[in-house]
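After the structure tokens below, expect a handful of questions from me.
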Amino acid sequence: MMTSSTIRNSQDYTPAEMQAVFLSRDLTDGELGAAGASAAIPMAAMLLARLKHAPNLSIAGEMFVNPYPKQLWSSMLDDRALGACEAAETFLELFAHSHRGLDFFFHNGMQIDQYGNINLHHIGGTIDAPIMRGPGAANISYAVTSRRFYICTSVHTKRTFVPKVDFITSPGYLQGPESYHAAGLKYGPKYCVTPLAIMDFAPQTLRMRLKSVHEGVSVDDVIRQTGFDLQIPEHVDITEPPTADELRLLRDVVDPKGLLLS
Amino acid sequence: MMTSSTIRNSQDYTPAEMQAVFLSRDLTDGELGAAGASAAIPMAAMLLARLKHAPNLSIAGEMFVNPYPKQLWSSMLDDRALGACEAAETFLELFAHSHRGLDFFFHNGMQIDQYGNINLHHIGGTIDAPIMRGPGAANISYAVTSRRFYICTSVHTKRTFVPKVDFITSPGYLQGPESYHAAGLKYGPKYCVTPLAIMDFAPQTLRMRLKSVHEGVSVDDVIRQTGFDLQIPEHVDITEPPTADELRLLRDVVDPKGLLLS
Amino acid sequence: MSITTGRKTKRISFNEIGTFLTNTIDDGELLAIGGLFKQGRPLALVREVIRQRLKALKIISSPGSGFDVDLLIAAGCVAETFLPAVTLETQMCPSFRRAVEAGTITAHCVDALSVVGGFLAAANGVPFQPVAAWKGSDVIKHNPLIKEITCPFTGEKLFATKAIRPKLALLHAQEADEFGNIRHLSTMTYADQLIARSADTVLVSVDRIVPSEDIISRPRETSIPCIYVDAVVEIPFGAHPTGSFPNYSIDEDHIDAYAACADAARKGAPDGDRDLQAYIKQHVIAPTDQESYLASVGGTIRMDELVAEAQAL
Amino acid sequence: MSITTGRKTKRISFNEIGTFLTNTIDDGELLAIGGLFKQGRPLALVREVIRQRLKALKIISSPGSGFDVDLLIAAGCVAETFLPAVTLETQMCPSFRRAVEAGTITAHCVDALSVVGGFLAAANGVPFQPVAAWKGSDVIKHNPLIKEITCPFTGEKLFATKAIRPKLALLHAQEADEFGNIRHLSTMTYADQLIARSADTVLVSVDRIVPSEDIISRPRETSIPCIYVDAVVEIPFGAHPTGSFPNYSIDEDHIDAYAACADAARKGAPDGDRDLQAYIKQHVIAPTDQESYLASVGGTIRMDELVAEAQAL
């Protein structure tokens, strides 16, 4: 697990802030996206993108349209976290959004495997007789219908990053190209964003590949914390740190209570 | 066609008022019903029933719940005619009501036949090449799913009351018991209410049968204006005229502008 | 947190409607019209459809339609209709009746549940909607939108009605912000939300543009969120001669006068066709802005009467 | 025109809830719970379910659930769940996890679209709802509510999810009139309308009963019309410890304290089970009216804090 001592400039920004800033840069003006419950980092990313370069980014698909929260909350799917918004929707509309898909969505998991599959159901045993039963997932469809999704987790350990999930709650690239195409899937995870690093997926193998490490994190750190054979390209960048302007907007406007600082 | 001269006590009440009063008496407290567009008499019947003996009668199924109109209008399916109401619904809910059915609904037609089938589509020719094309019908489902319906028309002539409709827009008893059961129908028209008389349907044959004639109308008058062999029981009542109380509520509260008087 | 800085407006001007229409729908494509019977119909937008000389359109609507459809048919814009009921309620639609009887348009035999179910399926992103409420009617024998299907759970036979995805939807509401958040003040919102969610492109006329802050202050009252809306245009009395409650009532006199004219044409009265085309020229072709249209139908005096009628309800 | 004279009230008192429950649902039947995660959950009604010792219930909810389901399981009322996500968001649900791992309840593998689609089908009166958005997930291999189906128009294979008709639905909203017209003031109404339209019987707790005239003055704000509601009961802070916005916020401290207690029991801590049963005794069994319940969870001082938190949003 990431500890603050591994961050060179920990006084400058936290891993959570790095994750939010990286994600915000990948969202494009005019897109439509959403995050689920327990999604402070994704919500921060969307709000920051709207402020920074994507004023026409729409947030919808989880029963409200374009929220204006006054602060971040650890849950982002209730009135408290919503603040205000432009329109209320219900599960009726969520049913429709889930079919029509979004431009992007965010996922997290108890287990994440090398093909970006996500498990929130059980670890060990079977679904009917699990050793450890997880919470399950409200909506498994956005992983299938959204044009892309991000895996965003605050935990990067060998327990979480496993070779093969015990149960596929939301599909990534299944067991690679053959199974992915056989299942009729068209989209999938674009980046996996953790407190240590950014991973993408190699186009040929659809396996997770290191893209960049955050300031103060070494490639070996990432390898050590990953429970499968992470693809390592010849050249690994340092994740472009937050700019002063990004940090200012994040802290002054998006997250004035400093949820991502703690 | 009924003319005012055929009414003995035309100064007391109009045929339209007689129709509304008769229908109101047949509605039971606690029931759920609706009328479609162009339904001043049915709306008057429902409102009068609520005032008189059925305070828990609910009016819903046409996109609003429990309207409180200040007056009757010849259309009863717009904000103007609605006055106020307890809840707004949309076609989404109408879709549901149409499946789940109402306790009662009202129908009218360009043609009505001896089995209570209703035609609003065409007279002569075919549906693709009609001699005369009618308006069609918004919702054909309430005739099937509602526990009963009433045929309520302001026109009682041989042109309207025909042996067999040219097109079944909304089914009554089709061509009698065999076809009715074969089609899987369970409900149907209870009464046909016209400016001249009340008809019901003989249980064995499901054919239209004279039940009562309004004051000042003879059985022969009804036979003359009906284009098929109307079943005439041995004893035909006079329709129980409106009471003073019914007329007072109708005129003072339900229809203060006298739409049913004209 | 105010984050509307830099956001693109979806507001267009009256003069831009024509270009918007020709950019989003071609001759022969499916046009959906919102509202119901004589209220909430986007008549100013419909008149622009006629001025743009769009032809051979397929028309669909919420299940109850009348004046606007009849006018589009009289102006020669329509090839096919998918409309359950076409009526002026107190009388039939003359041009519709005439065209169907003459065989110049095809009036498909559909009902409310096939149309609403089709919008619902498209809005939900599924290819069909199950319908179990049809029996005994000749409508289902001729309905081109439906097929039989068997319930995989109960084994019962029922129907599937096909998803309907209009190329363009024209709607009218009372209020919107410039970003396309729509608010119906009328008690009835008809099938407008469903149509907006099912159509490829959505253009909404409103009586009044309101500040975005006003929308945000009452989000549960937004009837169609901005994500379903492509353009919004403020057109005072844009639904006339249909009503836009609670702002203004139905101009029954205007509708009756049109109907008399169109019915005379239907009956082949001397000058019947000439008079009907004169109506179209006077009230549709000639007035290229809303001010001149309103002047042609009675001006401020008549509009004040319709406002007063709505307020008295 | 005022026609409420003689109309029967649907309002019941707190003391009548128990009898209403036992009259409308039996052991082993399907109970639906409204709200979402930590807001708008009818906790006062759920506590009465426990006091009535209802057993072996099947539980369904809007797709996100947590505290109330965990409490029902801890109290031994549940045999099966049809719940996509069971979580306290910042932590897992201890009693749910413990019961599934021990095999004492069956947690069916379902997701949001099977549940919402099932409510939608039942609300619409059709036997199933088509779903086309499932691929690749193990959830669909184990989901007992779905079957494959072929679209009769496109030939594509998709899924049908079965209509879900709960025996009883328990909901919480902010306002209602005594005739059962419900008004959510919260921005979110969750799946409450769908659940109300799908269930055999519907009981709603509200923060406040308002005059019927107030409902009639703003009919578009009625979120669930009276025709879908069988009984309504005014229970101040009836959703506690979940929130009822904008009236009062979520009591995270109470939920965390419960979770710590239930998680200790799950882990087999000494006195873990005793402490969990003591929680149930103190906050569920002993307080037979809402006043004594509120006194047991911090009384007026704590409620004032939750009101203030909601007002500050």
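Observations on the model:
To keep things simple, chains are lettered A, B, C and D as they appear, and every chain counts its residues starting from 1.
As a working rule, a residue touches a chain if its C-beta (ideal position, glycine included) is under 8 Å from a C-beta of that chain, and two chains touch if they have at least 3 such contacts.
Since the structure is predicted, the reported quantities are computational estimates derived from the model, not experimental observations.
Rounded to whole angstrom units, the spacing between the C-alpha centres of chain A and chain D is 29.
One inter-chain figure worth recording: chain C and chain D are separated by 39 Å, centre to centre, where each centre is the mean of the chain's CA atoms.
With centres defined as mean CA coordinates, chain C is found 42 Å away from chain A.
The set of chain C residues that touch two or more partner chains comprises 125-126, 131-133, 187, 189, 219-220. Across the assembly, chain B contributes residues 64, 70, 83, 85, 88, 92, 95, 98-99, 145 that each touch 2 or more other chains. Contacts between chains form some other arrangement here, matching none of path, ring, star or all-to-all.
All chain pairs that touch, listed by label, are A-C, A-D, B-C, B-D, C-D. Those residues of chain C that touch chain D in the complex are listed here as 121, 125-133, 147-149, 151-154, 156, 158, 160, 162-163, 184, 187, 189, 219-221. Taken in their complex, chain B has these residues touching chain D: 32, 47, 50-51, 55-56, 58, 60, 64-66, 68-70, 83-89, 93, 95-96, 98-101, 145, 253-254. Across the complex, chain B is touched by residues 1-8, 123-126, 177, 179, 181, 197, 212, 215-217, 219-220, 222, 224-227 of chain D.
Per the touch definition, chain A reaches chain D in the complex via residues 37-38, 63-64, 70, 74-75, 77-80, 82-83, 85, 88, 90-92, 94-95, 98-99, 120-121, 127-141, 143-145, 167-171, 174, 180, 183-185. Listed in rising order, the residues of chain C touching chain B in the complex are 36-39, 62-64, 83-87, 89-90, 92-93, 96-97, 100-101, 103, 106-107, 109, 111-113, 116-117, 119-120, 131-139, 142, 186-191, 193-194, 243, 245-246, 249-250, 309-310, 313.
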